[in-house]
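As written, the chain order gives the labels A, B, C and D, with residue 1 at the start of each chain.
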Amino acid sequence: MNDTRPPQLQVRDLKTHFFTEDGVVRAVDGISFVLDKGRTLGLVGESGCGKSVSALSVMGLVSPPGWIVEGEILLDGLDLLEVPESGMRQVRGNRISMIFQEPMTSLNPVFTIGNQIMEAIRVHQKVSRNEARDRAIEMLRKVKIPAPETRVDEFPHQMSGGMRQRVMIAMALACGPEVLIADEPTTALDVTIQAQIMELLAELQSDLKMSILLITHNLGLVAEVSDHIAVMYASKVVEYTGTRELFASPAHPYTHGLLTSVPTLGMPRDRELNVIPGQVPNPLHFPSGCKFHPRCPLAEERCQTEEPLLEEVQPGHWAACHMIEGGSLPLSGVNP
Amino acid sequence: MIPLHDWMPGWGHWRLGQRLKGTVVAGLFALFVLLGLWHARTIWGSLLHTASKLSGAEVVYTSRDLDFLVTSLFVVAMLVLIVLFSGLSCRRRRQAEHLAKVPEGQWSIVWRQFQRNPLAVAGVVIILALYLVAFLCPFIAPYDPIDQGDRVRERLLPPSAQHLLGTDRFARDVFSRVVYGSRISLLVGFLSVGIAVTIGTIVGAMAGFYGGWIESLIMRFVDMMLSFPVLILIITVIALWREQSIWIIITVIGLMSWMGVARLVRAQFLVLKEREFCQAARALGAGNSRLIFRHLLPNSLTPIIISATLRVGNTILLEAALSYLGLGVQPPTASWGNIVYDTKGNLFTEWWMPLSAGLAIVITVVGYNLLGDGLRDALDPRLRE
Amino acid sequence: MHSYIIRRLLIAIPLLLGLLTVNFFLIHAAPGDPTDIFYNPDMDPEARENLRRIYGLDQPLGVQYVRYVRGVLLEFEFGYSIAKKRPVRDEILEALPNTLQLSALALLIELTVGIAIGILAAVRQRSTFDNLTRVTALTFYSMPSFYLGLVLLFLFAGGVSATHWLPASGMIDIVRHESMSGLEKMGDRLVHILLPALTLGLGAAAAISRYMRGELLEVIRQDYIRTAKAKGLSEKVVVFKHGLRNALIPIITIVGLSLPVLFSGTVIVEQVFAWPGMGRVAVDAAFQRDYSMFLAVNLIFGTMVVMGNLVADILYAVVDPRVRLS
Amino acid sequence: MPRIARITLFIFLLAVPSCSSPSTSTDSPDAPGQRLIVKEITPDRGRSEERNLEYEAQWDEFDATPHDPGDALVVGLIADADSLNPLTLETKNAHDILDLLTLSLTHINPDYSSAPSLAQSWEFSEGHLELTFHLRDDVYWHDGVKTTAHDVCFTLRMQQAPTTGYPNIKDKQYIKECIVVDDFTARFTFDQAYPYQLFDVVDGHIVPKHILEAVPDGEMVTAAFNRNPIGNGPYRFKEWKAQQYIEITANEDFFAGRPPLDRILFKVVPDQENLVIQLRSGQIDFMERVPPRFYEELSREEDLVAHIHPSRSYTYIGWNLRDPRFQSLKVRQALTMAINRQEIIDSLLLEFGDISKGPILPIIWAYNPNLTDFSYDPEQARQYLAEEGWKDTDGDGWLDKDGQKFSFSLKTNKGNQIREDITVMVQDMLKEVGIEVRPNILEWTILVNDSTKKEFEAIMLGWSVNLKIDMTTLWHSDSISDKYNFISYSNPEFDRLNDQAVMERDEEKARQMWWQAQEMIVKDQPYTFLFTDKQINFIHKRFQSVQMETEGWHYNLPHWWVPQDQQKY
């Protein structure tokens, strides 16, 4: 995957802060990543590290007390942060759409699914009800919902979780967006369904030629589908590179920790899973310096004072850590 | 050993940085001191009077004298209590500081939530003020509310320094009546809600806990009672039964308004019964009573408290409505309801009489509703933003 | 759907029987005899017995009860009113429509005003408008209806000045209504019903607005609202299509439950504005210990409440598919 | 007016008794633009059987002169009527309306003498045992049928039948029968001669036989006729909307000619303040028995004219003589002396009333002007009580006797503001002498129940004094078992005197006996007689030749008229 493609979506130094009564929560604190056309970027991290907020920021759906304080979000070179709300409405659901973690609650219980899909279509395209309806049915067929002609008139609560997620996808793709943001699309579903949904997404991606920003905490998942991975920790991207590269030689101790904490097949039984000590820092008062240092096995004083920047440690491989010499960690060798 | 400055109301808290608390305590203390000074002679007098009465002297000692005695004692007691409170709470505070930081309990969280809501605080202030007034009636009201002046020359006087709200057609001081009215209205509100909540809780608990036919029986009955317009039911009962003492009214209102609570409690029980801690308690072989009183009731308390608070307001309105129909508290006792009823004839000329009593009602009910809303927002995490 | 309605209807029947029974015995438990209203020394004992016979008071209570229930259920027959000297049915049939008119308009005010304000307050949460309306709503909500009535009466119906903008009582201009054209008649009705309906409606509206605000704020926090936004819908569409529909569902139940309060209100309001409805019949009946009349009134009110709730439940099922099909 | 009508009136409708202010000046009734008309007491000639031709002349003269027809009168009523059937009605409102719908044999003059109405003339036979009426032959029921002697006798039959439930059945007890001599001559016969034979006969309205004979025995109370009556009077019944209004319209073919006013509407408004508002703002034209507290307010209104006249009623507190405390004469007198009646009048009736000393009012021929009065004297009262052993021994401010605190409940009926107010004032006054009063304001039916069962300590009510002077029902020991002597007053001497007086036909002799009787009662003070009030009525100034009498505000309503240019409706 060394062939490069033009970037579809570029995020530069994005900062989204929440101004709460208890203080400023820096939910996203200057992250950057690039999503190439037709590719899939995995945004990985523990829950509460700011993945979802980043996604919402891209959609322009951050609601008070949250504000995007600085940064750029370039969609095909168009900076979305400059676009007025009215313009953003043209983008949402049309050029960028999103599917959410909770298929159970993400559909409006009082409207038929057909109705909700058609709504998505008719906001952005001048089509008659009937055409819209046909499109909706077609979409439902695309997402492999049996008997779409009848299903189209059912209500969300008549469908299983998996089905609803498919409906969500149908709704999101109804206008053939360039970018699909999938926020933990399968977390709420059981494993077999998960696989189906991911397959479906992959298929649709290839025939709709869209780029996917896959947000998840599940390394296994990204490993399968994404081309690049950005690892987030405490509101920042700590490592960003190609998938194979990341799994082969994780540069950041946190990534390393993540990888080794996941059991993999063919891993010697006697080797115990290593667990990252401590817990995710409270966004209200992050630790000084490198936010990971309290949990980092290699931390020095330097880590406690100055914050490391995201640097290209190898061509196409960025990481933010003081301890990296020559692109690899002193504790390499225990590679999984 | 508690340092002297801690005993000084407010001062101790200030030094511990509890500014608000300190100010409030100090304010209250000052208030009572002033009252005490203002009525020093009354207090002293009533004490002497009582003493001489006890010593078996031939003096007239009426219920009003008793009222004065109680109030005097109340003021004195409050002074002492405030001092004690400030001293002790300061000590507790210091000890707490020495100990390791303990995670704050649910109630203190609630309290913080509550404080954030100015309206709710306003509610508390109103209610407290009212109860204070109710307790201090004899000291606040310049006259005996049922004492009639010169019925020919002093009737229907306009507001003046002597009579803040003028006098009614019996030459009674309207301001005093409004002040004393607070007692009735608050009493009615408090007691009948008490009755309603007690009955409602018991019935609801039974329904929710035992379920089965008991439940369906009870709930059908509740539905039935709920489909009577309460006011109509009450006027019947009161109109049909001869006596009309305030106690009857309180009881009737109580007996007619427990259904809401019952539903609430039942719903709570149904939910809680399925919760893990209850299952666990069951598994550990806890008896029904233990289950109900140690586990279910305490956990259903929140909604009960909220609805009770909101209910008090309605009850006060109900009493007013009854009074308007002439079925409320009987003359000469003053309740806000019957002051309005009594003086609505003066609407064109002495409009301030019905107005003042009416406003008293409105303010009180608003107070209770604000309090209720505040409690709900604070206690119900769902609504926290 | 149908089975659902039928089920609810079946529940209603024992409910009504219960109503009937409870207030029958409630009244007969009270001291005094309804024929007392004829009390006069010249009255011949024989005449009094005759009365007791006419009203069936000479029968044992049980018999009276059975008779009564049969009468009500089989031929909608409530017996004779002692005080009004006419069949209770006639009196009811005369008063009921008036009360229904009044309550209907009051309900209309309650819903329109209440919901409108609730929405505005919710979308402008924490704005001055929000706080203002919240306080006003609370004030109205906390005001005794007779008090509000007196104030309105005083302000608009000739209290302050000898000139009056709105009539102080009744439902029609009794002198002129004959010479009026159909349109004028309607206008006349309207000006007469306005004050009582407002008195009755505003308090309730305040309550509704409070609920509406809460519900809407609750709904706006839901995931599907986020979804709707993600589709690129405008704020308006999101709030009014996706938010409102969901927020209204609980309101329906609340309105249903508030019916008894509404009817209780008519008692006072009809007294203040001399509106010739059930509320006044109720008060008279209670005061004159007019057994048969009173029983009927309570039963009618009870029935209206039960029916009202039934309608509410059905509406609920209509707007909320989740209920409909369970 | 039937007695019961008066009494129910007093208890139900008299939300506030009204009274006339002597302070305001009175000019002659005809002065233009005059805003206050005060009727002085007219001597009561009710007992005499002679006709008063003066009044009759007035009527005839009016009927002769033409007046502008048209316009409507809107009367404000505090309560709806109960029935418009002469045989069953019980409320005063109903009675007033019926006076306009249906004729009696005679109609009552302001001095309570009888004037021709349905009957042109009447005469007694020798021995005074037969009374013959000659009816007009030009009186028609509103359905076109002629009114005849058959109707007259049918009416009596119905009135006397117990199952009809006619409220004043007792007034008819001495009448033997009614004989139809011919279509327009009816003869009433008696077993004995006594005063008020004429009164007993003419009391009550005539009912149409051809309609009511269809009503089965005992069903009269609920007959459909109760709510859509057919009369033969100057006005015909048009419409009755329960709790809203009753409308009657001019009877075009009334024998005395069509009354000027086209329509009269009785508008029901159950709220005192609302009524006053409507009176001020012209939504109603007339209000009877305006509460005194509104008098000043309303007298400022340019468009209103006040008519004030004495009433025939008095208010009292009755002491239950079965209660040992009240059996003591001294205590009863003390109670009266401890109550400042003048102050009650001054502050509640605002001078629109006078202290009543005894059971017979000044406007009645038998009134005894020189009765001893127990005027306000708390000192004397305390002394009397002390003499009877009531002292404050435990110093709680209340009198007590062998450990018993002197405390009693004072019962009265709801819906009568003045009475509710009096309980409050009396409570305060008796507190002065150390007696506790517990006001107990009850629904009418319940109060009546208690009084009948004699379950009360003290009770405040009002009597409206009948045209007939007969103290039996209230004071005779035989009536203790009956309902009205609920205080159980018993005085053999009085009984004897009363029985004679009732049957004494010589007016002078009778007067002497009644004077004695009054003295006895006043001496015994079984009641504390409080006051007799005057009645305030307000009417819009456009109505002409309005004359209101104690006997009824509508006394000459068929004569009222409005000049063309002032007509409103």
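Note that a residue touches a chain if its C-beta (ideal position, glycine included) is under 8 Å from a C-beta of that chain, and two chains touch if they have at least 3 such contacts.
Because the structure is a prediction, the values reported are computed rather than measured.
> Average the C-alpha coordinates of each chain, average all protein C-alpha coordinates together, and give the chain whose average is closest to the overall one.
Of the chains present, the most centrally placed is C.
> Sort out for me whether A-C or B-C is joined by the greater number of C-beta contact pairs.
B-C
> How many angstrom lie between the centres of chain B and chain C, each centre taken as the mean Cα position?
Computed from C-alpha means, the inter-chain centre distance equals 30 Å.
> Whole-Å distance, chain A centre to chain B centre, using C-alpha means?
So the centroids are 55 Å from each other.
> Compute the distance, rounded to whole Å, between the mean C-alpha positions of chain B and chain D.
The computed centroid separation for chain B versus chain D comes out at 49 Å.
> For chain B, which residues are shared contacts with two or more other chains?
In chain B, 239, 242, 344, 347-348 touch at least two other chains.
> Which residues does chain D have that touch at least 2 chains other than itself?
As it turns out, chain D has residues touching two or more other chains at 273, 414-415, 443, 446.
> Output every touching chain pair, sorted by label.
Inter-chain contacts occur between A-C, B-C, B-D, C-D.
> Chain B touches which residues of chain D in the complex?
Residues 272-273, 276, 291, 293-294, 297, 343, 346-348, 392, 395-397, 414-415, 417, 420-421, 423-425, 427-428, 439-443, 446, 450 of chain D touch chain B in their complex.
> Looking at the complex, which residues from chain D come into contact with chain C?
3-4, 7, 72, 74, 82-83, 85, 88, 90, 162-171, 218-219, 221-222, 226-227, 241-245, 247, 263, 265, 267-271, 273-274, 277-278, 280-283, 301, 303, 414-415, 443-446, 448-449, 452, 473, 479, 482-484, 569
> What does chain C use to touch chain A in their complex?
222-224, 226-234, 242, 245-246, 249, 319-322, 325
> Mind pulling up the chain C residues that touch chain D in the complex?
31-34, 36-44, 46-47, 50-51, 53-54, 80, 83-87, 91, 94-95, 150, 153-154, 157-159, 162-164, 167-171, 174-176, 271-274, 276-277, 280-281, 287-289
> Which residues of chain B touch chain D in the complex?
53, 58-62, 146-148, 151-152, 155, 169-171, 239, 242-244, 326, 330-332, 344-349
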